[in-house]
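Here you go, one structure.
Think of it as A, B and C in the order they're written, each chain with its own count starting at 1.
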Amino acid sequence: MKNYYDIVVIGGGPAGLAAAIAAYDNGAKDILILEREERLGGILNQCIHNGFGLTRFKESLSGPEYAARFVDGVLARNIEVFTQTTVLSLTKDKKITAINTEYGVFTVEAKAVILAMGCRERSRGALNVAGSRPAGVYSAGTAQKYVNIKGYMPGKSVVILGSGDIGLIMARRMTLEGAKVHAVCEIMPYSSGLKRNIAQCLDDFNIPLYLNHTITRIEGDKRVTGVVISEVDKDKKPISGTEMHFDCDTVLFSVGLIPENELTKGAEIELSPRTRGAVVYQNRETLVSGVFACGNVLQVHDLVDFVSEESELAGVYAAKYVLEGAIEHDGVEVVNGSNIGYVVPQRLDKNIGGNVKLFFRVTNTFRDCTITVKCGDTVLLQRKKKIVVPGEMETLLLTEAKIAQTNGKIEVVLEENV
Amino acid sequence: MFDVIVIGGGVVGGTILRELTKYKLSVCLLEKENDVCMGQSKANSGIVHAGFDAAPDTLKAKFNVLGNMMMPAYTAELGVKFVNNGSLVVAFSEGEMQTLAQLKERGEKNGVSDMEIIDQEQLRALEPNISEEAMGALHAKTGGIVCPYGLTIAAIGNAMDNGAKLYTDFEVGAIDKNGAVFTVRSTKGETVEGKLVINCAGLASGKIAAMVGDNDIEVKARKGEYILLDRESGDFVSHTLFFTPTEKGKGILVTQTADRNILLGPTSEEMEVASTDTTASGLAFVIEKVRKMTKNAPLFNTITSFAGVRAYSSRHDFIIEESKRTAGVIHCAGIESPGLTSAPAIAKYVVEELVGNIVKLERNESFNGRRKADHYFKDLSNEEKNEIIKNDPSYGRIVCRCEQITEGEIVRAVRENPPAKNVDAVKRRTRAGMGRCQGGFCQPHVAEIIARELGIPFEQVTKNGEGSALVTGVSK
Amino acid sequence: MSVISLTCIECPIGCALEVEMENGNPVSVKGNGCPRGKLYAENEVVCPKRVVTSTVRAKNGVMVPVKTDRPVKKSEIFEIMKKINQTTCELPVKIGDVLVENISDEANLVVAGNA
């Protein structure tokens, strides 16, 4: 086998596929995608609901339909793909060690590496939920895999913790497949899912959403037999006396996604404690030259359309890196100021050129507020917002001309209008 | 007809079973659960105690120190992970510093070697994340950590490789003796006959004792809750950190595990009815104590919390003795901490002294005490891995991404002794599902492999035995 | 005159819509960010419709993603699910293949992903 490529893409989900296609179309023809599952497409293969692609394709596609467009794109180009191949490690000098049944453990070297490993779900274990540990406790994504890919029902009588989109989608999905979903509870005073999913996944089926509630106890010896949920106070502590009991055989957790950066850490690539993804320039290059990151491994997105957009950026610049060589970075930091959770990219480099879309999340729900991008005392951009919520990623476009005005650290802040 | 029937597939029963196969004896193990190692051997701290804790001249003190000395060779032979990381009993006051001196003295009386009292500076050098308040510690260099289920499963598997027979789902309901023959009857009506019975039934050992007329063995349950951190935080501490024991008890410990996770706990709570439920107050207590012992505890890296049971006797020492009323029965009851450390020594004593007292022991020349130590595929060199993959490509397919466990290892766990029949059993043998995603990604795949290997429909695959099916049926 | 509040489900923005009703008919829509929202609101207050997505078990056991190729009456979703659950197919199939013609309301059940 070949053990040297211009570009190796780690992960064949939406991010990796879009990055590979963009890199190819921008002149890099020697590309390998390493995918651990049997087929390309990543998590989209199990997201059989519709609503994907509205931004990009102006139509509402199912997850597999959206994935298929990119899979077809890869197959139509001369891009090499290894499926059922797990990357075991990555080094700073871009040596990738992977394993599969055909080649065993092998190493490939690349001029540029694109990290597109996606994210994983936070599990029940991370939350210290009290009670027993019976069968029937699943993360929402695992349940989704059972129902949509494997064709099995993880349970018939369900309570869901967490109102992230996967939790909401699974509430509807389990209901359609004949299960009874008793409740979705959310520890925050707001849902982290999209509003339309509250409407079409819960309201359509009269599934109650309990805000400011959490599961305080899981019951059952061998299989779940019930849960207790409680209201929480402003410090997220359960309020005694508010307990509600539900008989159920299944508990689903949809309590957040975490970028899968084990390989990134192994390569000693600097991570942001905010996003838990790599620190990147606007071209999605990490602080290790020639290693790019995109999609949910970089920041957890709400919409796959944005994943594709971001990944194409990484692909374009990875190709440029291969064809034109490394960029001497002259970067300034982009930091999250008051009421802003994080900003991507975390570095801006004038040498890269072009406009830059800043992606960020706010830390709380704010009504009537102003978001400002500034450099020292210079205001680069200001936008008034009627409402912003942490569950929905915000973007602002910083033009090349504005970037030219910067001479130091750039800060994004949110202020409430008085 | 067996020469010896061992009741209880925990670490005590398992190591005794293995010890018995060193002799020309036909032996079997009765386990009430679907897999071995389902009681206190499953969920405990995994500490190989040095032996300074138990009062001199107790069975606990005797077997602890002996077991500690045996453990390195014992685990090496079985291919079980053991690390001699050393223990630190940490003092937070002058009074506690004095207690350390007493502990050291007690340890010396018990025969513990290599203990030293260290000051604050030395302690910080050993454990940079120790609390600023810590004043010093007793450093017991012979302390260690072992994988408790790894040890139990390996001992039983090795015994089976040497001819022992395992009956799972066999809950003992009655024991009858006719002449010299015992008939052990399960609650479902199956029977096993034997000449000797060894009671290692943990929490149920009092009940088993009562079946042969020994009503004076009283066993109670205590619960211990734990929090486990990601291997990513595995360097948070390297030693096993204990609080200095006070009248109120021993407090929790903070330790690395043999697999390089960080384990915090346990609480210690008396129970009327045995339960392994965790509680909000218990876990909060663990966190509070961890924050007292250390600084900057990476609790954000919590991957799971769990609870285990401890069976202790009203005598507050191990009960290891022949039945007073029924000849041919040996009880091992109330084997609480340091039972794991003591197990190899208890097994040797029970077989050589107690069993040997009743029957003539004749060496089994074909006994092979080695168990292939290739359970940890990911720790092999690339060349070694490729050699294995060449012969069996399924070792080239990663199933559990967090712990990098391959299909080959899972198949092996299902096939080799003692066979894994469910998802948790595979987890204990291979670590598949024990990592940061807690089986979120790999469980469906692991379950498919189990179904295929056992030739059962997917719907019958369980988490941990009857009643714990993963799915309730097909979707359509 | 009455007002019905809705959340638009046409796109991820999820506009809060207010529909003024007179004699059971919508007379005005407020809050929509685009024309699709107005259309959605006008239909929603009269006869709510949804695209149904699910799976069909192919004869070899593989699950095939499917969807209705246009919105169907919300009130008929569970009837449609019954029909979907009785449907099967031979592989291979490709995206857009019709598995059930006119499953409801002139909507066909089509393949919505590679199996």
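Keep in mind that, in the parts below, contacts are C-beta pairs under 8 Å (C-beta built on N, C-alpha and C of every residue); 3 or more make two chains touch, one makes a residue touch a chain.
Computed from a prediction, not measured in an experiment: that's the story for all the values here.
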item: Between A-B and B-C, the pair with more C-beta contacts; value: A-B
item: Central chain (by mean CA position); value: A
item: Rounded Å distance, chain A centre to chain C centre (Cα mean); value: 26
item: Distance between chain centroids, defined by C-alpha means - chain B, chain C (Å); value: 54
item: Rounded Å distance between chain A and chain B, as computed from the means of their C-alpha atoms; value: 39
item: Chain C, residues touching no fewer than two other chains; value: 55, 57, 63
item: Residues within chain A bordering two or more other chains; value: 147, 149-151, 177-178
item: Multi-chain contact sites of chain B, meaning residues that touch two or more partners; value: 474-476
item: In the complex with chain A, residue positions of chain B that touch it; value: 227-228, 232, 275-280, 282-283, 302-306, 382, 385-386, 389-390, 393-394, 396-398, 401, 404, 406, 436-441, 443-444, 458-459, 462-476
item: Footprint of chain C on chain B - complex, ascending; value: 474-476
item: Chain C residues within the chain B interface of the complex; value: 55-57, 63, 84-85
item: Residue numbers on chain A that touch chain B, as the complex places them; value: 36, 84, 86, 88, 97, 99-105, 120-121, 123-126, 128, 130-135, 138-139, 141-142, 145-147, 149-156, 177-178, 216, 221-223, 238, 249, 265
item: Chain A contact footprint on chain C (complex, rising order); value: 6-12, 14, 16, 50-55, 57, 61, 63, 65, 67, 74, 77-78, 81, 95, 112-114
